[in-house]
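Can you read through this structure? Questions will come right after.
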Amino acid sequence: MNDLVPGASDHPGTSASTPPSNERMSPDGELTRRQLFERRQRRRSIAIAATSTIVVIAALVILVPKTPGWYKVRRSFFDGDVFGETFPLLLEAFVKNLQIFAWCTPVILVWGMFIAICRNVRTPALFPLRLFAAAYTDIFRGVPVILTILLIGFGVPGLGLTRPYNSPYLWGSVALILAYSAYVAEVFRAGIESVHESQRAGARSLGLSSTQTMRHVILPQAVRRVIPPLMNDLVSLQKDVALVSLIGPIEILRRAGIEKSKFANFTPYVGAAIIFLVLTIPETRFVDWLVARERRRTSGTTVR
Amino acid sequence: MTRRLNNRRLSGRHLAGVATLALVLAACGGDDGDSSGDSPTETAAPAGDDCPTIADGVLTIATGEPAYSPWVENDAPESGEGFEAAVALAVAEELGYTGESVVWVRTTFDEAIQPGAKSFDFNLQQYSITPERAETISFSDPYYTTNQAIVALEGSPAIGAATSADLVDVKFGAQAGTTSLSFITDVIKPSNEPFVYDDNAGAKAALEAGQIDAIVVDLPTAFYIAAVEIDGASVIGQFPADAGGTTDEFGLVFEKDNPLVGCVNAALASLKESGELASIEQQWLSDKTGAPVITVG
Amino acid sequence: MKLVLEGVQKRFGDRTVLAGVSLEVAEREVIAFVGSSGSGKSTLLRCVNLLEPIDDGRILLDGDDISVPGLAPDPIRRRIGMVFQSFNLFPHLSVVDNVALGPRKVLKVDKRTARERARELVARLGLADRADAFPDQLSGGQQQRVAIARSLAVEPEVMLLDEITSALDPELVGEVLDVVRELKSNGMTMILATHEMAFAREIADRVCFLHEGRILEQGAPEQLFTSPREPRTQQFLQRVIDSGRL
């Protein structure tokens, strides 16, 4: 006789021969059958995960150093002395990356949003805007960012601008903004198009204008929906800021490269990677938290 | 008959899998006895020949991609035209390799001076001999002594400098990873950080765009840039060869501890003695010396 | 006449959905449209509040032609409120903010006043304790009542109710119909498209049977439901009775 266990797990076969759970009710008598089952499942999963993790880590820690090339690879990538000497220089260079990122990001978000909205205008009179937006995204997503940076970073100043108006920081940032806005615009556009038409119907029926509808009804929903892919693009941008080094500024990856050449050692890049991770990991967790908080605030129950 | 899922059996299977993985790792780690980075031995030289090359009967020489004038003309080192192309071929001839038995390959500037096995017998791309680099690769004796020079456009604030102190407010540019860049930061010590580029092409673009006031490169390259590559540029100064305390000399780059170094050094010595090295220098780099000297101070 | 439709036609591609609908609606009158799915009820309502442009005919509000091509629709839409089958509440705004958005942006009321009035309106519809909740946290009946409040907040002169109980569980329908009853007793001019025959019968001053894009028959509910003249009206009603909805 088969006993159907409620809240069935993905492990087949847990069934009939286990004693009925009310016999295993704990003395305080408070836990339900389902809670007991779930607790058992949890504990078993944790035990398996912990055991296998420990074994794999032990295997790596014990066996990798026994490989013949380990000493040289370690020295080449994880040299403590080189790390110590180069890390402060990397941090100093990183400030430039942060600055460029800080002033580019808001402009990218705004300009990208503008392009996305342009692509969505419906009135025939504004058709040139639609065309412009489509051409813009095609061009700047198609052209490699490197080319955009070189063309704008060297080309525009080369037309005859004087210092400080020909600064590579300025024009490199402009290039990044132009390029990344195209990607961000497409992300926003996807968000806007994912908002159901009925939302627009509801808003217009109240007498809200097209602009008011976009601003108060469509965009707030669209933006909330595309936060994950948007974060993707922003993290990507943080790394692509390094491309500004092509036109001169010594940002973190260029500094790592200079030190690499000086010491003939790759450890500076590992240092740079650590600095990036220290920035990007908390940043993405923070945004995840914001999104989760918003979702908790506005929704009903979630399906498990 | 109902099957009862046995906790222990599941973990056991799990552990067995991981243990197998561990054994496989250990097995891979086990073979190939000794570890140090010796030169590749697969193409052993014929018995008695203590000048081994990586490919039998052929000398593999490497240079940059592209290779610039006056070091290599027209990016065609096989022609022997250009200072470094000529030196390389002269060395090859001394070692007994001519014509078809000299093979050219290209590498980037950086990859040749990283540790590890090489795809060439020796590499020449204006590599300055430095102790840091000598830890990971081996240099031949110097084949050229160079000095740093400054290229600038008309009206540059660098013009007219007599000592390095006059250059302290100049915005410099240089190629990453070169001794020219170290020269800027360690000897000239300007008040603001130089701009750094992947190659001299970037530095040239920046000079023309007015983003930098001057480029620091070795003297022959400086003349080439000024004469051919940028309109209105000139070599506005050069530093003494021993400026900054050390003399900047170029050496051929070999994989670390390559026995071929000894053979090549013998070849270079012979070329110096016979005057052939000097005449090659005269042929390709002779008119490149007339810029005002800037002292360090 | 509050609202007049003259020969309204609407095509989608080569499919004619409204084939010439003419109707006069007096102030305070409640008209119910019945008919099978696809008969054009929703389309008709969407044409009246200019969500869809009509292909032929005219629509007059207080004697002014509102169907002139190129006319700015926003002021008209404020005067003609619409409530949808799928509520269409704004999920990122609380109930109060949903209801206050219209007054703030269309009537230019300041934010605090708008929210206060929204709270009062929502309370009048029996949702005072849910005023700060979000749409996803409400039941269907509650959401629809909020949708009605939202439409009322911009002080419309006519209300269009498009199958507003069709998406609701039966036990939630009652609370929404109560609200509609109250609207009627407050004198709102309304046009409803509905499947709730009993309700249409109770509340409508006039029932129109829409068939294949035309009003086949119209009359007082008593007359249409008990002794329809057209055979097709009879067929339709028979089907409705058979399915137990009348």
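Each chain gets a letter, A, B and C, in the order it is written, and its residues are counted from 1.
The rule is short, and it goes like this: a contact is a pair of C-beta atoms (placed from the backbone, for glycine too) under 8 Å apart; a residue touches a chain by one contact, two chains touch by 3 or more.
Note that the structure is predicted; figures quoted are calculated from it, not measured.
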item	value
Distance-maximising chain from subunit A - centres being C-alpha averages	C
Chain pair with the most C-beta contacts	A-B
Intercentroid distance (Cα basis), subunit C paired with subunit A, Å	45
Between subunit B and subunit A, distance of the C-alpha-averaged centres to the nearest whole Å	38
Distance between chain centroids, defined by C-alpha means - subunit B, subunit C (Å)	80
Footprint of subunit B on subunit A - complex, ascending	2, 11-18, 44, 47-48, 51-52, 55-56, 59, 63-64, 66-69, 71-72, 76, 150, 154, 157-158, 161-163, 166-168, 245-250, 254, 257-258, 260-264
For the subunit C and subunit A complex, residues of the former touching the latter	46, 49, 51, 73-75, 77-79, 81-82, 84, 86, 88-92, 101-102, 105-106, 134-137, 147, 150-151, 154
Residue ranges of subunit B touching subunit A (in the complex, touch as defined)	2-5, 7, 10-11, 14-15, 18-19, 21-22, 25-26, 28-29, 32-35, 37, 110, 113-115, 132-133, 135-137, 173, 176-177, 181-182, 193-198, 202, 205-206, 208-212
Footprint of subunit C on subunit A - complex, ascending	198-199, 201-209, 212, 216-217, 220-221, 224, 297-300
